[in-house]
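Every chain is named by a letter (A, B, C and D) in the order it is written, and numbering of its residues begins at 1.
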Amino acid sequence: MTDMNETLIPILGVITDVRIDTPDIKTFRVVTPDGKKPFDHRPGQCAMLSVPGIGEAMFSITSSPTNTEYMEFSIKKCGCVTEWLHAAEEGQMITVRGPYGKPFPVDDVFAGHDMLFIAGGVGLAPLRSVINYCRHYRDRYGRIDIVYGSRSKDDLLDYREIIEEWQNDENVHVHLTIDREQEGWDGHVGFVPNYVKELGFDTNKMAVLCGPPIMIKFTLDGLSELGFDKTQVYTTLELRMKCGVGKCGRCNVGAKYVCKDGPVFRCDELDELPDEY
Amino acid sequence: MLKCTLSNIDKLFEIVSASMPLYLPTEDKNGAVFKKWQPGTVWSNASNTVKGPKDLFFPQSEDLMAFKTEGKKIEVIDTRTETEDFAVFGVRACDVKSLEILDRVFLTEPRDSYYASRREHGVIISLACNRPTENCFCGTFGIDAAEPMGDVSAWLTDDALYLHANTERGQAFTKLIADLTEACDDSAVSAQKEKNRKVMKRLPLADLEANAFGGSKTEQFFHSPQWEKLSESCLGCGTCTFVCPTCQCYDIRDFKTNNGVVRYRCWDSCMYSEFTKMAHGNNRNSQKERFRQRFMHKLVYFPENNDGIFSCVGCGRCLAKCPISMNIVKVMKALEVDTDD
Amino acid sequence: MQTVTTKSLCERAASLLGEGTVAAVLGWKRGEFDYDLTPAVFTAAEELTEGFIYNDFSGANLSKYLLKKTREIDGKILVFLKPCDTYSFNQLLSEHRFDREKVYAIGIPCSGMADIQKIRKIVGEGITAIEACENSLLVHTLYDDEPISVSCAEVLTERCLNCKSKKHVAYDELIGDEGEVLTSNRFDEVEKIEALSADERFAFWQNELSRCIRCNACRDACPACTCEKCVFDNPNSGVQSKAPGGEFEEKLFHIIRAYHVAGRCTDCGECSRVCPQNIPLHLLNRKFIKDMNETYGEYQAGEYDNQRAPLVNFSLDDPEPSDVVKGGFDRA
Amino acid sequence: MQDVKEFKPVIVAFCCNWCSYAGADLAGSNRLAYPADVKIIRVPCSCRVNPMFILRAFQRGADGVILCGCHPGDCHYSTGNYYTRRRMSMLFSMLDFLGIERDRTRVEWVSAAEGAKFAATMNEFVEKVTALGPNKRLEDLRCKQ
């Protein structure tokens, strides 16, 4: 008799809360029909959400693993699955499978270090789970800096959580920036890469980076100007995925499958990959 | 070694079919294809089938599961059924090897239960090649067409079929046909192997070598200027991938039936523009990049992850079928020239 | 055997390259064997001498490549066109699919192309070399000591058996002799199927189309299929595009494929030539051509540029659909 | 076989907004009876209907597809239905070529004033399709899963 475990067959999830974060990003809280967290995960891992009849898509789990009650996904409206989800209400069932991918090395490589998180736009979503993980195990990490930028104030993801929780934590320093001047904004204005350079961090820390490709590219340049080595910088990639387990071939770049060998990569590992991500 | 006279071969198929479905190559309008044996089916000894036996284990399109939806509620229905035992006769050495390559993808954790179930229930009876075609180059990848593997290896001489069971499942198979076979020594088979190997040496592509390729060669080949030339007339169709016995990329899609949703998977091709297309862009935008991906995967990426084993078995199907006659042999030769410089 | 030699074409192309009239040459490139030619772009005389070939296997219609190549390459492109290719060329031109100024077209005669599958059927596997003689091909194989002679007529591709024209309808320069428009029997096969009962017709197509593996080669090779984005590549169209999703999908795909090129299809036969499953796709296209000819008057796509194709035209007294279907074709 | 439920065909009728849909409306308000299994899909013009619509209707369970538009010469957009006429002639002939029963498809011109013609056409069409039985040759078995 064949072992009938099958990763492609999902379990059910129920959307119990929909939070409007920005004009095009909503955060969905998901539990199983009996009210539990669908499965355990590590920071940086992803899950495959699907709406039968519409399709399946991979999303990073934005809630921290330390949250044992539910999972959260911050999702930007950009395709058919996300569009459908944005129209969904509380109580809507979806399907979930995972967790997929390699997590951030929070317990070994990151432990004991100062941390620098740099995010742009919806790029904060995958970092949120790491940030909250680090905040939960506060004593394992040193100073935490978070540089986060978006197009405008309205486009800042998790703004309330940032203002009400992150900024009030001891030894957590949040640096927000928006692309253009805006009424009611007295914070920093400018692009993330420049802001990182202006802030001028010391290099005795680990950096985690996520955002649009162009931001990643320039921020990486900025970090190396500041003296960071690529082995100190981690990022997470996004490619089209269907199976999530390195078999369907879509997210194959070089000898790596982003779904299975990533999505978290150390930046020097990326250099070894062909430039196709 | 067991011997079955050729005059008894239809009887053999009949006996096997009585206890499990038997698939074997038969001549179709388009060439030999694997079909289920039925009384009257004529077995074809054509050097190779149009498509490999891949379909029998990883069908071009298969349903994975079903959903019922009602209001906000969803029900997931596991539609899998245990595969019944079946036999595949006349699988050439290259195609047997191709299944090992598919195994490396589908049977590594997490196992693909759909494929695994068929693999566990299928018994493979291979057949040595007496008349390889000009397109054959399995030797390039260390495959000996005179010594095919599988659960049962078989050889054909002018008057008899010789069988040798390699696995337990193979023994169960030979037991099934015990009445039609008699034990014999290896001499006839050895002579046939000798003959076959002589032909193999004379094949036009016998000298093709794959040594230049393999894992950790990404840097060397990825930026080769040859890709531009090689891919310039590629139509971007999926013929090569669909006739390839080792190509395994797939797509998962939902189909809305009149009563619910069926989630199915189907073969996909890295040659298609839509393959890597995302809502916000495509990481392989040009046909050159897509073309390169296919061959780099077969010659470099796959070996890197799989102990140096190439994801090509030299079956020659892409040589025979590509609408513009661009194929892995031309790619290998062009890239090799590149490394000589 | 072809009446113009590779050498003469090569020399002319090299001289046009040399004098700077053209920047690149679109032709056929030698393969591993004598029959596996690949369309290729040549930019230097040495490349031509080394790789260019025109023989009985130069079947590929190069006109569609002009779309991409005229955009990519600076300067003029020399393209070699067989008579039937010139129809596709003209058709693309009338649809404004490429810039005529960027092309230097040389018409070359064609005595019909050979079908390697037909040769294989006769001589078996293991073809190592094919020599062209006057009216026959000498085929060397691994398994025969002596080469086998097959007559060219016997192994002509389907489309060449029903050649519609040896005349070039567009060119800047002609090499070799100009031919005539022929009276072909290309609709015979269509008529044969029309003469079958509905059940037989259904069974015939069911059998043919069931072999389809949805590789899309017919579409991708078709010089009339030039949409930037094909409906079958649109994931939101609800069409399965690459999964042989059952009998319906295959019918849908092939009806729509033929329909979308109806009136623009020059009957060049590329669809059937490239089909890895040997489905006689050209019969679907020819059915449309035949119907349009009989109902709306003779029309040959690509014969002239700037003609108005039947399906983008009408007349006030066109017959009703019920009369068309009942009219000529009710033989069930 | 006598116990088998009487076959009632599903008919999809594409009706142009300006004539035939109004014709159908008139048939309704005049209480002219035509079978309830005729599903009307309103289109801006009969020439909006591309061949894929027709095939997809069959895929999704239609047993017959009828296309109704303004009479030639009366098209709201002047010439739309002339194109329809050619297109559907060619498509129906192709379906016939593939062995698909020709009585499953039809084009009819129905003006806004012809409520009676609309009802009569539908009755006649339904009758013909009923005689043919369920659509088997253009059905998609997956839809029935």
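The rule we apply is simple: a contact is a pair of C-beta atoms (placed from the backbone, for glycine too) under 8 Å apart; a residue touches a chain by one contact, two chains touch by 3 or more.
Please read these numbers as outputs of a predicted model, since none were measured by experiment.
**Student:** Select, from B-D and B-C, the pair of chains that is joined by more C-beta pairs in contact.
**Tutor:** B-C
**Student:** Whose C-alpha centre lies nearest the centre of all protein C-alpha atoms?
**Tutor:** Chain closest to the assembly's C-alpha mean: B.
**Student:** In angstrom, rounded to a whole number, how far apart do the mean CA points of chain A and chain C lie?
**Tutor:** About 51 Å, centre to centre.
**Student:** I'd like the Å distance between the centres of chain B and chain D, where a centre is the mean of that chain's Cα atoms.
**Tutor:** 46
**Student:** Whole-Å distance, chain B centre to chain C centre, using C-alpha means?
**Tutor:** Here chain B and chain C have centroids separated by 31 Å.
**Student:** How many angstrom lie between the centres of chain C and chain D, each centre taken as the mean Cα position?
**Tutor:** 36
**Student:** Can you pull out the residues of chain D that are in contact with at least two other chains?
**Tutor:** Where chain D meets two or more other chains at a single residue, that happens at 142.
**Student:** Touching two or more other chains, which residues of chain A qualify?
**Tutor:** none
**Student:** In chain B, what residues contact two or more other chains?
**Tutor:** 251, 253, 255, 260, 268
**Student:** Quick one: in the complex, what on chain B touches chain A?
**Tutor:** Going through chain B, the ones touching chain A are 64-65, 67, 69, 72-74, 76, 78, 80, 82-83, 105-106, 110-114, 116-117, 120-121, 215, 218, 222, 248-254, 256, 260-261, 263, 265, 268, 270, 275-280, 283-284, 289, 293, 296-297, 300-301, 304-305.
**Student:** Applying the document's contact rule, which stretches of chain B touch chain C when the two form their complex?
**Tutor:** Result: residues 28-30, 46-47, 50-51, 60-61, 131-134, 199, 202-205, 229, 232-233, 235-239, 241-243, 251, 253, 255, 264, 266-269, 272-274, 319, 321, 323-327, 329-330 of chain B touch chain C.
**Student:** Could you pull out which chain B residues touch chain D in their complex?
**Tutor:** Contact set of chain B toward chain D: 66, 255, 257-260, 262.
**Student:** Which of the residues in chain C come into contact with chain D in the complex?
**Tutor:** Interface residues on the chain C side: 190, 193-194, 198-206, 231, 238-239, 245-249, 251-252, 255-256, 258-259, 262, 284, 287-288, 291-292, 295-296, 310-316, 318-322, 324-326, 329.
**Student:** Help me check something: in the complex, which residues belonging to chain C touch chain B?
**Tutor:** Touching chain B: residues 31-33, 36-41, 60, 65, 124-128, 141-143, 211, 213-217, 219-221, 233, 235, 240-245, 273-274, 276-278 of chain C.
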